[in-house]
Every structure is written in structure tokens, then in C-alpha cells.
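Dropping the structures in below, format is C-alpha cells.
Paired with subunit B in one complex and with subunit C in the other, subunit A is shared by the two complexes that follow.
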Partner chain A sequence: MYTQALNEAVERPRVVEDPEKLAAFQARIDAEEKIEPNDWMPEAYRRTLIRQISQHAHSEVVGMLPEGNWLTRAPSLKRKAALLAKIQDEGGHGLYLYAAAETLGVSREELYEQLLAGKAKYSSIFNYPTLTWADIGCIGWLVDGAAIMNQIPLCRTSYGPYARAMIRICKEESFHQRQGYEIMLTLCRGTPEQKAMAQDALNRWWWPALMMFGPPDSESVHTEQSMRWKIKRFTNDELRQKFVDATVPQAHYLGLTIPDPELRYDEATGHWRYGKIDWEEFKRVIAGFGPCNRERLEAKRKAHEEGRWVREAALAYAAKQRARAMAQKIAAE
Partner chain B sequence: MTTIHIEETPHLCAVLRLADTSLVLAHRLSEWCGHAPMLEEDLALANIALDLLGQARLLYQHAAELEGKGRTEDDFAYLRDAPQFRNYLIAELPRGDFAFTIVRQTLVSAFFHPFWQRAAGSRDATLAAIAAKAEKEVAYHLRHCGAWLVRLGDGTEESHRRTLAALDALWPYTGELFEVDAVGRAMIDAGVLPDPETIRPVFEATVDRLLREATLPKPPATWMHSGGLRGVHTEHLGHMLAVMQHLQRAYPGAVW
Partner chain C sequence: MAEQSMPLWEVFIRARTGLAHRHVGSVHAADAEMALQAARDTYTRRGEAVSIWVVPSAAIVASDPAEKASLFEPTASKIYRHPSFYEIPEEVGHM
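Here is the complex of A and B:
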């Protein structure tokens, strides 16, 4: 589903980079060349990417949980199939992104352990609960919608494996976004109770969706460096504005009210101006104090613990098979 | 919407048995999504669930045609109560641990792969088409789950113990797969469905081969559970349906 610009400071690399190599690297970036796994890259570039790609991967796999919460209660067989396929896509994105991160010299196991230990971040949005079926519509419409805004530019990001992964992921996300909007449309054209369900979900998801773009540019820790390396191509606030501009008319079409009394159309710039985002809430949720932080990590830890014997069995069996093949080979010689 | 009443002809009943089995099993598999032992299995189990859900939808649509009262696939899935469900009991048992899910899916696939192969020659052309599609899907389910059965049986002491326990628990539910009641007999005679007795040797051979590879003993002949086909279920199905049908029941007549 989505990476979030969390903007925490990266540790300063201990190595002092060779200025000549650094300049050559920057020249390649400036020439819009893709950086590939075996190419030389500054340590800070590598670390920034590992952090960003792994956070994105974690977000995908944690994001399976709030939606999975409605798999057994999807209100029609068609919706059940679409939701299951969507969550499966998210898992696939996770797998893809972990593989992209591995090209930078870190293992998926190591990254996943960091997530389970609570040391790695994932998108704050998944720490909110899915309380009604309309939340599934809102996640598709708003959360995947925000993801697309953020990820379309990532298709041109300077690191090759990440850019290529994003191209495929974006195609699927845009499908999810349309599905989500269609759920909302069906609810809004349904009974008054269904429409109220849709409005209630929008009320709860709107602000967290805006927070998905990360802190305001004024508080950004390293947007500038990421922009120079073309890991990032737009700032958090630019992307947030694009999202608001695209989404407000969609809400109006649904006949829903955006829960922001300050929202107004700015004739001069053609932008929708939105009210103040509660950044304290954002910081709190990122710090681990959102409505579902504990449950989400607990669910993943539980699955990991309960699956340990399965992974051990698979390894043990593979080792036995290797030993048998070796014994056969020796016997044949 | 209140619970619907279905006048079951043998043909309709036979199709519902297959549809309900696919749906209930898909539902159980979907409970793993996000909670599997590894990401690859989150994807694989969801994939199998999607195949089964697809089969269920086609079968319910066919049931609706056979009934001819303008009902939809969702009416059958969401507006019947547990005693009206016709699935095999093995499908509705809670998902258990990974060994339980793998053993169940292997046993069910070992039956349904030859079943669909034969049903592809059904005199019911729609059912034949569904069977031709299902056969290819179940061949994959059997390969995937069979490979896991072998890995778990011949893996570690713990995995062997868990798989054996799952096999012991599930084996008494395999007898129902071969049951032929009046509905089944009528369908066999009409050339609509295969006779399960023709499937037994293939099922046995598949299971024997996999258990041997998995270093697991074949369970001894034992008393077999029965009842699903006539709507007498385990305690588990009612809970499953209460969750599954919640929205349709809470907001009668709403379109989702």
C-alpha cells in the first residue's frame, strides 16, 4: 500500500566518501541514469533507500491486517473476492519491496525482525481501526489514493530496482483505488444508513489520510538530500496538496462532506485550501500510541511465533533432501 | 432479509453441496490472510481461497439458474441458515494450526481433483465447464499442499507430531466425501456427477503416496462423521455464518 515520509534523521555515515566518486555519482543522478545494485553509491544513499523501501514493505504487510479484518464479513461474494485479491496484492507488494531492499545488502529476515521488535516504522495509517464496511471503501479510495500520489513519482526514483517495483505496484494501487471509490459510490447511492456509514468513515479517515504524506516541509529533516539524489521528486506538502485537489471533487460527487470546516477553494491558485492538521496526533501515532499500534504488531508477532515451527520444518526438510541427494550422488560414483 | 426457503430438487441440492463446500473452505482459508507462517503462504493460501471462492460463485449462479426464481449467488450464500448449508463437514472445521490447514486442503484436493476431472464429462454442460476450470485449479492446490504435507511430515519432530495430530483429527471426516445418498444416486444415474467409488482408488493412491513421502502412518479405518450433506453440521458452521452473513442480516435488502 504505501510508504510514508517519516523523515527521521539518518545516522551520519561513519565513512567519509571519496569526493570524486561522490561527484561522479551525483552526475549520473543529474543525468537521470538509474543506479543499479552493483553500482557504487554513497553509504547515506544506501541507508536512506533501505530505510524507505523497508518501511514501505512493512506498511504493505501491516496494511493487510486492517483490511483483513473485513474478509470474513464482506457483504457479497464479489466484494469478498475483490477484497481478498486486494490484500493478496498488498502481500505481493511487500514481497517485491523486501526483495528490492535485499539488493542493497540487507536481508528480509533482518528487516522483518526490526519490524517485530518495534524498531522499524510503517505507515501511521494502519494504526487506525476498520470499524465498518465503509472503512474498506475509504481505505481504497483515500489510502490507496494517497499512496498513488506518493508513488507515481517513485516510478522515476533514481534507484533502479525500487523504480521498477513501483511501476507494477502503482498499476495495482490504481485498481484498488477505483474499487474503493466504487464501494463508496454504492454506499452513497444506497440506503440512508449506508450513506451515514460512508460519511462516518470519511470523517475518521480524512485527516489520517492527509498525514500519510508525512510532516510539513518546514519540519522535514532530509527532504532536501533525498530530492538531490532524486529518491524523492516532490515535497510532502506538494504531494498532499495534489491529493487534496484530486479528492475533494470526488467527495462532492459522492455527496459527502469533508470533515474540515476551513476547507475552501482558492480561485487564484486553483487549489483547495485545507485546515490545520493535528501534527501532535501524527507524532503520537508514529511514536506507538495510535488506536491499534499494539494490536497490529501483536498480530504480526503472533503469526511469526506461531509459524516458527513451520519455517523450521521447511529448513529441516530441505537439509534432509540435500543430504539424500548427496548420498545418492556418492553411491552412484 | 429473512432466511430464504429453497425447494431442493436433487440436481439443485447436488450443486449446492459443491458450492457450499467451496465457499466454506474458501472462508476458512481466508482467515489465514495476514497471519500465515510466511508472506509466501499468505499469498498462496489467499490464492487457493480465491480459486475456491470463484468456483463457489459459478456454482451458486448455476444453482440460481436451476432454481429459476431469480435469486442471486449472494442469496444462497448470505440468506440461508446453517441447517440449509449442504457442505461436507470437513470444510467447516476451524482453521487450526498450519498443519491442520495443510492436511485438510491436501485431503480435500486429493478427492476433488479426480472428482472434477470426471465431472468435466457431466451431462450438465454448465457443471462440466465449471469442473474443467476447477480441475486445473485443484491440481495446483494438491501440488502445493501435498508438498507442504511432505515437508511438515518429514521436517522436524514438532512438525511431524502436529501433522500426525491433524491427520488423526481430520481422517474421520473423509468418509463423508464418498457418501452416496438418494440425491447422489440420482445424480450418478443421470450422468450429472461421478460416482465417488470411481474416485476412491485415485484418492487412496494419492494419499498413500504423500503419507509415505511424509513419513506419516496411514490412519487406521475408523468411525466416520456424517451429516453435512443433509444439513446436520458441527457447532462451528453457525458461528462462521453469523460472522459471514452479519451485514446482509443487519441491513436487510441493502445493496453492497
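Here is the complex of A and C:
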């Protein structure tokens, strides 16, 4: 899932670019040509992409944690198998994206170190806890739903490997959202307690889901360059509005109430108008002070440390096999 | 501490018999066997493939995009390589 335009600032150029090359580059972008790894590109374009793609990759893999919390307690084997498959997809999304970032000349190890060291950002949404099974429904429905809104335009982003990764990802996200909505539907058709559980989850996830689109346009002054480079194609507020318009009727179908007293339908524009988002909360969570930030990073560090011997053993085995094959070859000569 | 990096492999899959293998992405793995397994888990979770190739990324030799013009442009002037270059009277029928 999940780019968030966490830090809208396009990287500032550190080098003086050749104006002729810059113009030719912009002309290719304007002609909707895709930029490929070996093509010339401005250094700031490269760094902006590395940051955005790696944040996106980190979000995919950190996003496996809140859902993993419910794997052993899924209410049926069918739900458990589906959730397992979804989480595995998210791991795959992380891998596609790390691979896309690597084509820009940075290693996955390096990016991952940045995440584990707490120097890289990832989507704020994964710093909220999953308290009940209904949270798994809400994540699929709202979080993956918001991710789809964000990601569909990224399938046309100007950098080829990123666009191709996004196409694969978008194909898989649709299952995630439907899976989540179906969980909500089942709860809402269940006992009053189950329906209350669904409402409680919506109450907690609604606002964080809206924050997934990043700061309001009025505060993200740097989107312009990203739009000019066609890394980004819609502004945060445009995407957020699309998400609200798509999601409100789905909540109504479930018989749930969106936890926003100011929410109203605007006849003139056909849009659902929503109330004020608590951007202070957003800033706190991004800055590392959300409910689960520490827990998430600790879980990732622990997994990385505990997997170290496996990676080392695999490399040692491969080296031994190579040496053995080499020795046989020499003996045969 | 940065650890030793896992080698990179390019992944090609054949979607159906009769089709060519197509590049789909890359994986990191210690050896060829693990690369094949990682490629299967990463790129074929929904029946996308009947066959997988993995190739060490370092073994791929690529043309230089900067030489695109000199490499491919000459073919553009050779229009006689295309069937539409030859005029056949309509009476002859489809050819």
C-alpha cells in the first residue's frame, strides 16, 4: 500500500544540472515517456524517488505487523487463510518496491538499515493498534481502500520501474479491500455486539485513514515539482476527497455511522464534505509518538536480528557450493 | 553494521505455454535455488506462471540509452523492410 506524501519536500538539487539535459528530461516527461534506470535524470529527481519509493516499501512491511497481530486469533480457517494471503501480498509489495528503489542506485540493505535505525518514515496509519477482529475488517476496507486511491495514479508515474511495481500492487489490493469489507459486512449482519464492534473500529480508523493522504494542499507547498515531474498526479486533498466520496456510501450500506458530525452531502458539487482533521495528531504520530511507533520498530528490529543467522547460513552455504564446484572443475581439467 | 548483501537476480516468467518468458522484476537470494523459490513466492502467487527463469543481474549486458539514436535509428530509414513499401495492384487480391 501506502505512500503518504509524508515529506512533500522535493529533494533540493545538490548539484548544478546542465540546463540542456534538464530541458530534454522535462520534454520527455511532458511527452509521457517513462524514465528508465539507465536514462539520464536530475539528481533531485533520483533522490526524491528513492525517498518516496523506500517510504512506500517500508510502509508495506511495517503494515504487516498490525494485521499479523490477529493471525492466530482469526475467527475461522477461511478468514485466517485469507488474512495470511493478504499479509504475504504486503510483504511482496515491499519487495517489488525495494527492488524498484534499488534501480536508482541504492541497496535494499541500506534502505532497511534506515528504517530500523528510525531514520526513515513510513505511513502513520500503522502506528495504531488492532484491538479487535473488526480492526482487521477496517484495515482492509479503509486502509487498503485509501491505498488504492493513492496508488492507482502511481501506475502512471513517470519512473518506469515504480510504475510497473504499482501496476502489480494495484491488481492485488482489490482483494485486500473486498476481504476487509466482507469482514465488516459479516459483523454488521451479526449480533448487536458484533455490529457495535464494527462501529467502534470505524470510529477509531476513520480519521487516521483520512490522514493517510498526507497534509492538506495548503501546507504541502512542494507538490508542484513532483507534479511537474509526474511523480505525483493528484494532490493530497483531491485524493482524500475521492476516498471520502467512495467510502461514505459503503459505510451507509453497512448501517454504520461515520464519526464526523460535520459530514454532509453537498448537492451542488456531488461531494461529501468532511469536518476538520486533527493535523496535530498526525504530526505527533509521524514524529514517532503514535500509540505503537516504538513497538513497530522493535518488532522489525527483532525480526531482522533473529533472521540474521539464516541469511548468513544461506550465504555461507552458497559460497561453499561455489567453492566445491570450482574445485571439481579444476580437478577435471 | 551493514551485512554482506544478498546477490540480485532478475526474474523472467512464462505466463502460458507458447509465450516467451518476460521480465517481471528481481529478487535477492544467496543462490540460484533460493532465487527460484523467492521468485515463485514473490511473482507467482496467483497462477501467473508455468515457468520461471532467474538470471544473476550482473550477467545481463544492456545497451546504453545514450546510444539509442545511433543503435536503432538506422532501421527507421529502411522502409523497404516493410510490406507496405511494395505496391501490388488491387486485382491481385490480398497478399
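Throughout what follows, the second predicted complex is superposed on the first by the 328 of 333 C-alpha atoms of A that agree within 3 Å, B and C clash if a C-alpha of one lies under 4 Å from a C-alpha of the other, contacts with A are read in each partner's own complex, and residues count from 1 in each chain.
Note that a residue touches a chain if its C-beta (ideal position, glycine included) is under 8 Å from a C-beta of that chain, and two chains touch if they have at least 3 such contacts.
Computed from a predicted model, the values in this text were never measured in an experiment.
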Contacts of A:Ala303 with subunit B and subunit C, given as first, second, both or neither: first
Larger contact residue set on subunit A - subunit B or subunit C: B
Touching partner for A:Ala327 - first (subunit B), second (subunit C), both, neither: neither
Touched partner set for A:Tyr96, first subunit B, second subunit C, both or neither: second
Contacts of A:Arg79 with subunit B and subunit C, given as first, second, both or neither: first
First (subunit B), second (subunit C), both or neither touched by A:Glu36: second
Which superposed partner A:Ile167 touches (first subunit B, second subunit C, both, neither): neither
Touched partner set for A:Gln88, first subunit B, second subunit C, both or neither: both
Subunit B versus subunit C as contact partner of A:Tyr317, first or second or both or neither: both
Which superposed partner A:Ala287 touches (first subunit B, second subunit C, both, neither): neither
Residues of subunit A that lie at the interface with subunit B and also at the interface with subunit C: 85, 88, 92, 95, 308, 311-312, 314, 317
Parts of subunit A lying in touch with subunit B, wherever the complex brings them together: 61, 64-65, 68, 71-73, 75-81, 84-85, 87-88, 91-92, 94-95, 98, 133, 183, 186-187, 190-191, 193-194, 299, 302-304, 306-314, 316-317, 320
Of subunit B, residues touching subunit A in the complex: 23, 27, 30-31, 33-43, 46-47, 49-50, 53-54, 56-57, 60, 73-74, 77-78, 97-98, 150-152, 154-156, 158-159, 162, 240, 243-244, 246-248, 251, 254-256
Touching residues on subunit A, where the partner in the complex is subunit C: 36, 38-40, 85, 88-89, 92, 95-96, 99, 102, 107-110, 113, 164-165, 168, 172, 308, 311-312, 314-315, 317-318, 321
Subunit C residues within the subunit A interface of the complex: 2-6, 8, 24-31, 34, 41-42, 45-46, 62, 64-66
